[in-house]
Amino acid sequence: MLLSRDQIAACVAKDLQENWLVNLGIGMPTLIPEFIPKERNVMFHSENGVVGMGPPPLPGEEDLDLISAGKGLITLIPGGAYVNHTDSFAIARGGRLDCAVLGAFQVAANGDLCNWRLPHQKSGSVGGAMDIAAGAKRVYVMMTHTTREGDAKIIAERTYPLTAGGVVSKIYTDMGVISVEANELILEGIAPGITPEEVQSATGAHLNIEKVQEISLNL
Amino acid sequence: MQNKRAHTLVEAVNVITDGMTILIGGFGGPGVPEILIDGVCELGVKNLTIVSNNAGTDKSGVARLMDVGCVSKLICTFPWAKESYVFKELYDNGKISLEIVPQGTLAERIRTAGAGLGGFLTPTGVGTDLAEGKKALTIDGKDYILELPLRADIALIKAHKADLRGNLVYHKSARNFNPIMVMAANHSIIEVSEEVPIGNLDPENIITPGVFVDSYFVTGQYKVGSGGK
Amino acid sequence: MQNKRAHTLVEAVNVITDGMTILIGGFGGPGVPEILIDGVCELGVKNLTIVSNNAGTDKSGVARLMDVGCVSKLICTFPWAKESYVFKELYDNGKISLEIVPQGTLAERIRTAGAGLGGFLTPTGVGTDLAEGKKALTIDGKDYILELPLRADIALIKAHKADLRGNLVYHKSARNFNPIMVMAANHSIIEVSEEVPIGNLDPENIITPGVFVDSYFVTGQYKVGSGGK
Amino acid sequence: MLLSRDQIAACVAKDLQENWLVNLGIGMPTLIPEFIPKERNVMFHSENGVVGMGPPPLPGEEDLDLISAGKGLITLIPGGAYVNHTDSFAIARGGRLDCAVLGAFQVAANGDLCNWRLPHQKSGSVGGAMDIAAGAKRVYVMMTHTTREGDAKIIAERTYPLTAGGVVSKIYTDMGVISVEANELILEGIAPGITPEEVQSATGAHLNIEKVQEISLNL
């Protein structure tokens, strides 16, 4: 059975390490924080100048001047700080993000990330994606394994406009978890009830399935 | 001492004329100088080039400025949001042109202008469509593109408090582009909620020194759409 | 949560090894991490490249580090001050090499490294001896030279207060290069007068977010020259 | 009679306008602030991150963490602010300094400034001079008219290492005040008791002396 969005988020959350500073792209990645164990210190960066993004505010405690990059109301954790936009991107570009978790339209076997513009569009919304993808120590992608039409999003060579070249190191989808290694894609985790062959057939690049393990949903 | 306080909204914005390039602070809603934008709408100027992260929300902010016909070009990072339908319609009808800039590059281009520099090399965008036409350099084996400063005639800035010298502090994530944009225009105009006496802001905590501020308008009870009165 | 506090001076500085490049904060006396420098002197490391605005005062700060023989190269803006006699003697005897950088360029080169950029174009130094060997570009009819990032292995920083996450505030003109240098090294070490609980520093007033801080040493009653105990 | 250092400082102070932001080089220019009339709002920038430098502290009120670029103890005026070094030089390079008053070894007729290294020296102390000279809206030079040996410091073409090309617009010396115009040096003011011919003979470039006026010492 395909993983739910929350289940994918839980898979990513499991891999975000103690003391990491992490940037979350808009959409699905914003589900991740609630799956981080309370005792684990993972800090979130929002590129609009928030270092130490906390959960949404309790009712009655909203502040319209405190939002995430995805424009949702948030809070600041104790010990968080506000910075301006250049300082925020100095954090991103300067290699201070241990990880960025981003959505994608396509990921190529060499780690190319395509997530800002579809080929038929005259223009796209790039936001901070190019800077963050170019600067983060690790770029993880979180997405559905295929398009709504069933087309593969993980492919041998990208056909969509590039966001950043060769940056993706891990891909989390509703079918499993794939590690992007120098010369191959390794299927590490698989959703319960799905076969490696099914994942391979939904993927446009060769997968090494030798070491695949079923994902535990008691994350 | 120079009196930087504009006593009316009209006085604050009437330096703006047709064809100017204007930096407008804000990211999403926070930090957008809605009231100054209201004043610009009332002026009825044309052919502005607007530099702002977003393309506006519904009919407020930058969207309102486009809706009333003041804008011929938008330089931004994220134009295609559902709430930016005013921009989309103008763009689809060929009534506005667009330059997309990655967000960190936009911030840095503005800062570069403010800092009196001529450009910078960034790894952002290397190999992408947005690198087209830009000079490429390789430094120590790493590829970069040369990005140029983005200077403007005017900056419209939202801050939290100003003192009489124009020193500014901001509020939470409403800070965003504002402290950079205020440095990069020939004339900066600040919308502030509150004016405080000199000495009220701790010199350690001032985010924008008043030397970057040309005028400020204290909004008090002003409501957007009341016509600049 | 990561414990960034170094419990002894030795623990703070013993990541430093021979041949490293080290950014050292301060301008004149204010903001010089005298106690961390004391720790480095005790380590007895050799062939350091030091980046700092000045060449030290009498036998304190950077001068002490040179005096005990740790330094083989100095990158600075203002080496020839009367009080920098330690440097002068080493230089005259061919025991230390020197790179002069204009002060604004030095600050910007350090920031450029911290911001992950590959270089910047500056009008500073155009046509001067200090432009020799540097790439020249003309943008919009104005001449610039390309300056490259200055990244280091270590930054030795002096701040006023740190909280447990490593968020920093500074004190008056002791701020100077410190908030930039802390961003531009692979490992930053902070000398602070006081450690405060999380929440004690207002998030609007934090100058350096803790994400740039690798470790800090609280000086308390420590006296320079007491041998790192 | 040659002007004293204080008298030169008073001549410069007279020309610093209301609301200007001014950077003062080390040495003689630091004498200027005490000659600015109390009611005139001239603000001083010190490149080590002080916007709004005030006079030296009263005895007992010294703070060792508050110094000028020349390393003297100072104060901060009400409404002043502290910034870091890059922001301080953004002010200087970004054209926010209405004026910089600097010392010089040589000034050429075209406004070339030489003040960081003597030709026989292997190296010099550049400090912030190149950035400030390149960035300020106006560069005024304050110096003795000749070297101790009596050689001209104002010359047709510079022979010393350049600090910044074509930037000086006014020169204040112990003999007078010279304006650097596009095609000539204009002697505007002259110290009482000195003749224009004496100034010309102490100057290595042609001076236009048509409009010279005696400097009033009741400044």
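Order as written gives the chain letters A, B, C and D; numbering starts at 1 within each chain.
Note that a residue touches a chain if its C-beta (ideal position, glycine included) is under 8 Å from a C-beta of that chain, and two chains touch if they have at least 3 such contacts.
Not measured: the values here are computed from a predicted model.
Engineer: Give me the chains shared as neighbours by chain B and chain C.
Structural biologist: A, D
Engineer: Report which interface contains more C-beta contacts, comparing A-C against A-B.
Structural biologist: Ranking A-C and A-B by C-beta contacts puts A-B first.
Engineer: Rounded to the nearest whole Å, what is the centre-to-centre distance of chain A and chain D, using the mean of the C-alpha atoms as each centre?
Structural biologist: For chain A versus chain D, the centre distance works out to 56 Å.
Engineer: Between chain B and chain D, what is the separation of their C-alpha centroids in Å?
Structural biologist: The answer is 35 Å.
Engineer: Just give me the whole-number Å value for how far the CA centre of chain A lies from that of chain B.
Structural biologist: Computed from C-alpha means, the inter-chain centre distance equals 30 Å.
Engineer: Which residues of chain B are in contact with two or more other chains?
Structural biologist: In chain B, 108, 111, 115-117, 122-123, 170-172, 204 touch at least two other chains.
Engineer: Give the residues of chain D touching no fewer than two other chains, as numbers and ranges.
Structural biologist: Only 76, 82-83, 86, 89, 92-93, 134-135 qualify.
Engineer: How are the chains arranged in terms of who touches whom: line, ring, star, complete or other?
Structural biologist: other
Engineer: Which chains touch which?
Structural biologist: Going through each pair of chains, those in contact are A-B, A-C, B-C, B-D, C-D.
Engineer: Please name which positions on chain C make contact with chain D in the complex.
Structural biologist: Within the complex, chain C touches chain D at residues 27-31, 77-81, 98, 100-105, 107-108, 110-111, 122-130, 170-180, 207.
Engineer: Spell out the residues on chain D that touch chain B in their complex, using ranges where they run on.
Structural biologist: 18-19, 21, 41, 43, 45, 51-52, 76, 78-83, 86, 89-96, 134-135
Engineer: Which of the residues in chain C end up touching chain A in this complex?
Structural biologist: Going through chain C, the ones touching chain A are 1-2, 111, 113-117, 163-165, 167, 183, 198-199, 203-204, 206, 209-212.
Engineer: Which stretch or stretches of chain B touch chain C in the complex?
Structural biologist: So the residues of chain B touching chain C come out as 108, 112, 115-123, 137, 139, 142, 144, 146, 148, 169-172, 202, 204-205.
Engineer: Show me the residue ranges of chain D that touch chain C in the complex, using the header's touch definition.
Structural biologist: Contact set of chain D toward chain C: 46-50, 63-67, 69, 71, 76, 82-86, 88-89, 92-93, 117, 123-132, 134-135, 161-165.
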